[in-house]
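Note that subunit A is present in both complexes that follow, paired respectively with subunit B and with subunit C.
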Partner chain A sequence: MSDDERGYVLYRCRPEWSDINPIPQEEGPTSVVQIAYSEKFKDVYDYFRAILAKGEKSERALELTARAISFNPANYTVWQFRREILRALDKDVAEEMKYLSMIITEQQKNYQVWHHRRALIEGSKDASQELKFTSKIINHDQKNYHAWQHRQWVIKEFNQWENELEYVDRLLTIDLRNNSAWNQRYFVIKHTTGFTDEVLNNEIEYTMNKIDKAFHNESAWNYLRGILQDRGLNWSEHVKTRVDLWRNENIKSSQFLAFVLSMIEEELKTGDCENVEEKICEAEELCEQLCKVDTVRRKYWSFVVQRLQKHLQ
Partner chain B sequence: MDQFERSKHIVFFNRVLQILPNRYSSLDSNRMTIAFFSLSALDILDALHTIDNTNHIIEWIYSLQVLPDKSGGNRNRCGFRGGSYNGVITQPGDTFTDHDVEHDYGHIAMTYTGLASLLILGDDLSRVDRKACLEHVRALQLDNGSFKTTIADGGESDMRFVYCACSISVMLNDFSAVDQDAACAFIQKSLCYDGGFGQGPDEESHGGSTFCACAALQLMGRLNQVLSADVIEKLQYWCLHRQNMGFHGRAHKDDDSCYSFWLGATLKILDSFELIDFERNRDFVLSTQDAVVGGFAKWPQINPDALHSYMGMCGLALMGDFNLLPINPALNITQRAVHHMKQIHKEWEKEKLSYVNIENKETVQNINKSEPTPNTFNYKTVIIAFMIGLGPALLPWCYRMIFNRGSS
Partner chain C sequence: MANAVKDVKITEEMPDCMLQDLHVRFLSTYEEKFKCEYEMTEYLRMSGIYWSATALDLLNAADQLDQDKIVQFVRTCQTSEGGFSPAPRHDPSILYTLSAIQILCMYDRLEAIDLDAAVAYITKAQNDDGSFKGDKWDEIDTRFSFCAVAALALVGRLEAINIDKCVEFIMSCMNFDGGFGCRPGSETHSGQIYCCLGVLSILGKLYLVDGDLLGWWLCERQLPSGGLNGRPEKYPDVCYSWWVLSSLAILGKLHWIDKESLVRFILASQDNESGGIADRPGDCVDPFHTLFGICGLSLLGEGKLKDVNPVFCMPQHVIDRLNLTVELLPS
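After this line comes the complex of A and B, so read on.
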């Protein structure tokens, strides 16, 4: 439904609409942020205003809302009225979903289309197509926030956890920097097995293997920090061993150095170390290194040194 | 470093305030937010005086206020509209709607930007039905503590509207419409494992929602109550790692000019803004500037739009660049507009106090003229009516007493 369809007839020229008096948009005495609407846009919305005022919930009104949506898919009042018409006419949800899927494919980052989808499913309770549909959108744009939001809602609401970890794993194999997929990983585990010791150890292994492939992958490091935050960064011997190994390999990634620094900060905070002065020196050295390899955050790394020294006083 | 094209930006925002071409039709339902971006931008540029007629704009904003009907029973549908597309506008001088319009209702983001715009323009909010605006906000809070956009069938709910609700409450100096405990619980649940905030629980941490969460907490005065020192440290770490040259909203996404505000303002709220790399941030935002038509774009070399133009400029204002006026990071308006808001609040306080002082009856009569109380018991009228009724009965008695005539 594009603006320059051939054979498009304005509503005011359609005999089947002759009973309706279109309502032009009133602006009041002044107008701000005016839009130079096209003739077609004005015509559609003149008729939408009339239908809204009349409260007409008919097939032709339904078609009119689709046309209005094509001109402004963000109009929340049009979407809401469309939902009322669908309910009044007891329309087939599957048909509406087909129409909606097409719109979402064109307008993937629009809030109203995704809300409409959720509203339909809340009514029909049929979420059988949703994982497939969101995968399709995510395939096209790995980080589409709306698609991930909708996917999470469907999984939570309709208990569709079963294959999600596998799906996440597939995405992370394609792109280990996909932050949305890492977030989804945390989401699935949190709500299914939980981060038991056994699960946590598996996740540590998984994450460190991914880190090994790309040391500067912030998403993986954030995930590692995140899963360890309850027990502490120094909880796992496996992590400590691997970190030592990487230190020996002279890994210069700022993400890695920052992690080592955080481990030391934690030790100093919990009072869990004997050689406090040595640790502080180590931390200060790391901050110095970080100032050189992560220059954007040089002021932050200097601040961390001060924070450490303050904390110990 | 590119030059800051001040005069071009002034032209750009004035043009947006006037008219946009047809290809911007998808902004039709949120013209109010676009007006806010332009007005606030011109305020930051200290160029409000370049606007042709600010009274016209004030009138337009008020024409988008949804008013309650005479019974006041539908205050939860009030607030402000995004535009006049649904066929209803409010006429100047109206304090009620005189007809029931089912599909006419306010939208929380339009109420927020409408009120902010009025403050920027120096309006005293005297024509705002504050009670109705607050009822509208109250009606939009959900059980989980977040807020939806409209009363109709809700619309989406997420951190953006928690922020809108808190901003509205601050501007109207009244938090009674917000269950703050519930809102804070929602915010807390939306903290992501990596230290940032998502749009809701379990969702990916994002620069926009992180701003909304922190600013909402700041506006509620609960930042340090809800966020422990440890959480703030991790949040600071996450925010600072969003800087590449400019800022981006999520790990591994490209820098985008608007995040110079979302993250910049968050870092201001966390008292950590001084730790960013000012020069790289400035260079990036300026690289998105359109030196021909003015404004800023999301990325370099693409067309500017109102949102990124405004946010990009806010990003520069946070650094105190180019003589831009200082902005309040939580409310996202100039400190000057905040000062004006505080003056209005002082006046409201004075009115409240005079109402308590019953010796000053004249002031009592002047309180909230725009809000009639149809069910108030008017004692004066009753006494007068009683006297009128009693008069004829007393008159013969008075005559006998005065002229000492015999019994009737």
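After this line comes the complex of A and C, so read on.
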């Protein structure tokens, strides 16, 4: 519904609305002068305020909320009242979902539209279209926070786990730096198989293969650290072998160097190394390297040097 | 695969000094000069006033706004449910309840509202699992936990909620990277980290987070331009100058950020004609980004600005007047 429609008539000129006294916006506390702004916007919202005050839950009120939403889809009072009207008129959810899907496609990053969608599904208990719908939105914007959250809710609430890891894998094939997809990977595994030794080893291999394709990848490195946090960065022989290989290849990525540094720090912390001073020297050299390749974080790397020196003491 | 970092370029033509007077003018004349935007954002008016009032106070220009008129406005927004709507004839929300209380605290006019009713509204918003709903339609978000806890702390009524459960819910939102999202399982996001750390700081529970891990995740938000992003692989945005920076301040790690390049980024995002600050250089300015840009500069000790409290995002002198203390980890 575009307000550029030909023949658009202001509500104040519509005979079927003549029974309503529109309520203008109240003057704000910083108001100095009243200057006319968009006439259509003002007209629609003056009538919305009147309908809201009256508590009218009718077909024309429903249409008016759609018009108000078209002007300002972030106005949550309009959405809330629309929900009340839908309930009062016992409207068909499928129709509303069709309308909502169109709005979300235009306004993908808006809290209210997603909350409205969830509210409708909580009522209808029909989540059959949701994975398809959220995929469509994510396809357009791979990191849409609202879409991912809605997807997580649907999967958990309606037990739709089965194909999700495969979906995540497809997304990571398209963009191996998609932080939302990495987060989803963790979410799925945590709630299904859990991170057993077998699963963990698979995930380590998966992640390191992705890293091998692009060393500058915050999300993959964070994921690797995250899945190893219980067992430790030095737990897996596969990790150690691969890291040694990359060191020999002289990989300069700051995230890789930071990971190597963390492995050494962990060894020092657990007391798992004989040549402590040598290790600290190695770590300090890495910090020096990092100060050069990751200059914006040089103060952090200096802090790590101090932390290492405390260990020596 | 391409290694291009998502970032912006800071050029010499961009503003590089603090345009303090212009920002004062921008904020105090926003309603007039940006009438359309002002009217369309009625649904968040209370927060809009809080943004402008806070920014003007930090800019040493609190007298630019009519405090009595604002207090009167806030009063008219208290609904029968005790909570506050963003403007008259809107539904109440915990977001605008916090903004209302923040405004009245700044003006030392809490007696203007029914405090017991406001507290009761917040108590009612807490769910059994410790989370908070934003309004009667049950949306849950760690932002709302922060709104509840900050509002109650400001009025000295934290006992009105179940603190243990509140903390339990916050911790259930902690992710594998040490950060926090909106709800359990949601992706870590800088804004949500600020909200969760804010809660834990007010309630004295910062020992529950891994300060080094989270601190590092936060300082990884800084891009070559100096700007900060909200999560990996996103563009920098001035508002993260607040959420990331205040989070680092709470964790005692503010010094981990490259200060000079961040200041450069914020200053470059100013509009040297209208005043105000945008999300990034060259974009349209608004009061939201103006506040957070100014707060970021204040935390970094730049400009002739008053000190800002990193937890409440309010002038420190107001927090001192209220005798409030928050937990900040030592640097």
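By definition in this document, the second predicted complex is superposed on the first by the 302 of 313 C-alpha atoms of A that agree within 3 Å, B and C clash if a C-alpha of one lies under 4 Å from a C-alpha of the other, contacts with A are read in each partner's own complex, and residues count from 1 in each chain.
Note that a contact is a pair of C-beta atoms (placed from the backbone, for glycine too) under 8 Å apart; a residue touches a chain by one contact, two chains touch by 3 or more.
From a predicted model like this one, the values you see are computed outputs, not experimental measurements.
After superposition onto subunit A, the partners subunit B and subunit C occupy overlapping space and clash. In the superposition on chain A, A:F41 contacts both subunit B and subunit C. Applying the stated contact rule after C-alpha superposition, one finds that A:L176 touches subunit C and leaves subunit B untouched. In the superposed pair of complexes, A:H311 makes contact with neither subunit B nor subunit C. After overlaying the two complexes on the shared chain, residue contacts for A:P73 are found with subunit B alone; subunit C is out of touch. Look at A:K292: by the touch rule set out above, it reaches neither subunit B nor subunit C. When both complexes are overlaid on chain A, the residue A:H216 reaches subunit C alone and has no touch with subunit B. Contacts of A:A119 after superposition: both subunit B and subunit C are touched. When the two complexes are overlaid on their common chain A, residue A:Y111 makes contact with subunit B and with subunit C alike.
In the three-chain superposition model, subunit A touches both subunit B and subunit C at residues 23, 25-26, 28-33, 35, 37-38, 41, 45, 49, 52-53, 71-72, 74-77, 80, 83, 111, 115, 119, 143, 145, 148-149, 152, 156, 177-180, 183, 186-187, 190-191, 218-219, 222-223, 225-227, 229, 295-300, 303. Residues of subunit B touching subunit A in their complex: 16-22, 24-31, 34-35, 38, 53, 56-57, 59-61, 63, 82, 84-87, 89-92, 101-103, 107, 149-150, 152-153, 155-156, 192-195, 198-200, 202-206, 234, 238, 240-241, 243-245, 250-253, 274-277, 280.
The touching residues of subunit A, counted against subunit B in their complex, run 23, 25-38, 41, 45, 48-50, 52-53, 55, 71-77, 80-81, 83, 111-112, 114-115, 119, 143, 145, 148-149, 152, 156, 177-180, 183, 186-187, 190-191, 218-219, 222-223, 225-227, 229, 295-300, 303. Those residues of subunit C whose C-beta lies close enough to touch subunit A in the complex are 1, 3, 5, 28, 30-32, 35-36, 38-40, 42-45, 49, 52, 65-66, 69-70, 72-73, 76, 85, 87-91, 93, 135-137, 139, 175-177, 182-183, 185-189, 216-217, 219-220, 222-224, 226, 231-234, 255-258, 261. Looking at the complex, you find that subunit A touches subunit C at residues 23, 25-26, 28-33, 35, 37-38, 41-42, 45, 49, 52-53, 71-72, 74-77, 80, 83, 111, 115, 118-119, 143, 145, 148-149, 152, 156, 176-180, 183, 186-187, 190-191, 213-214, 216, 218-219, 222-223, 225-227, 229, 295-300, 303.
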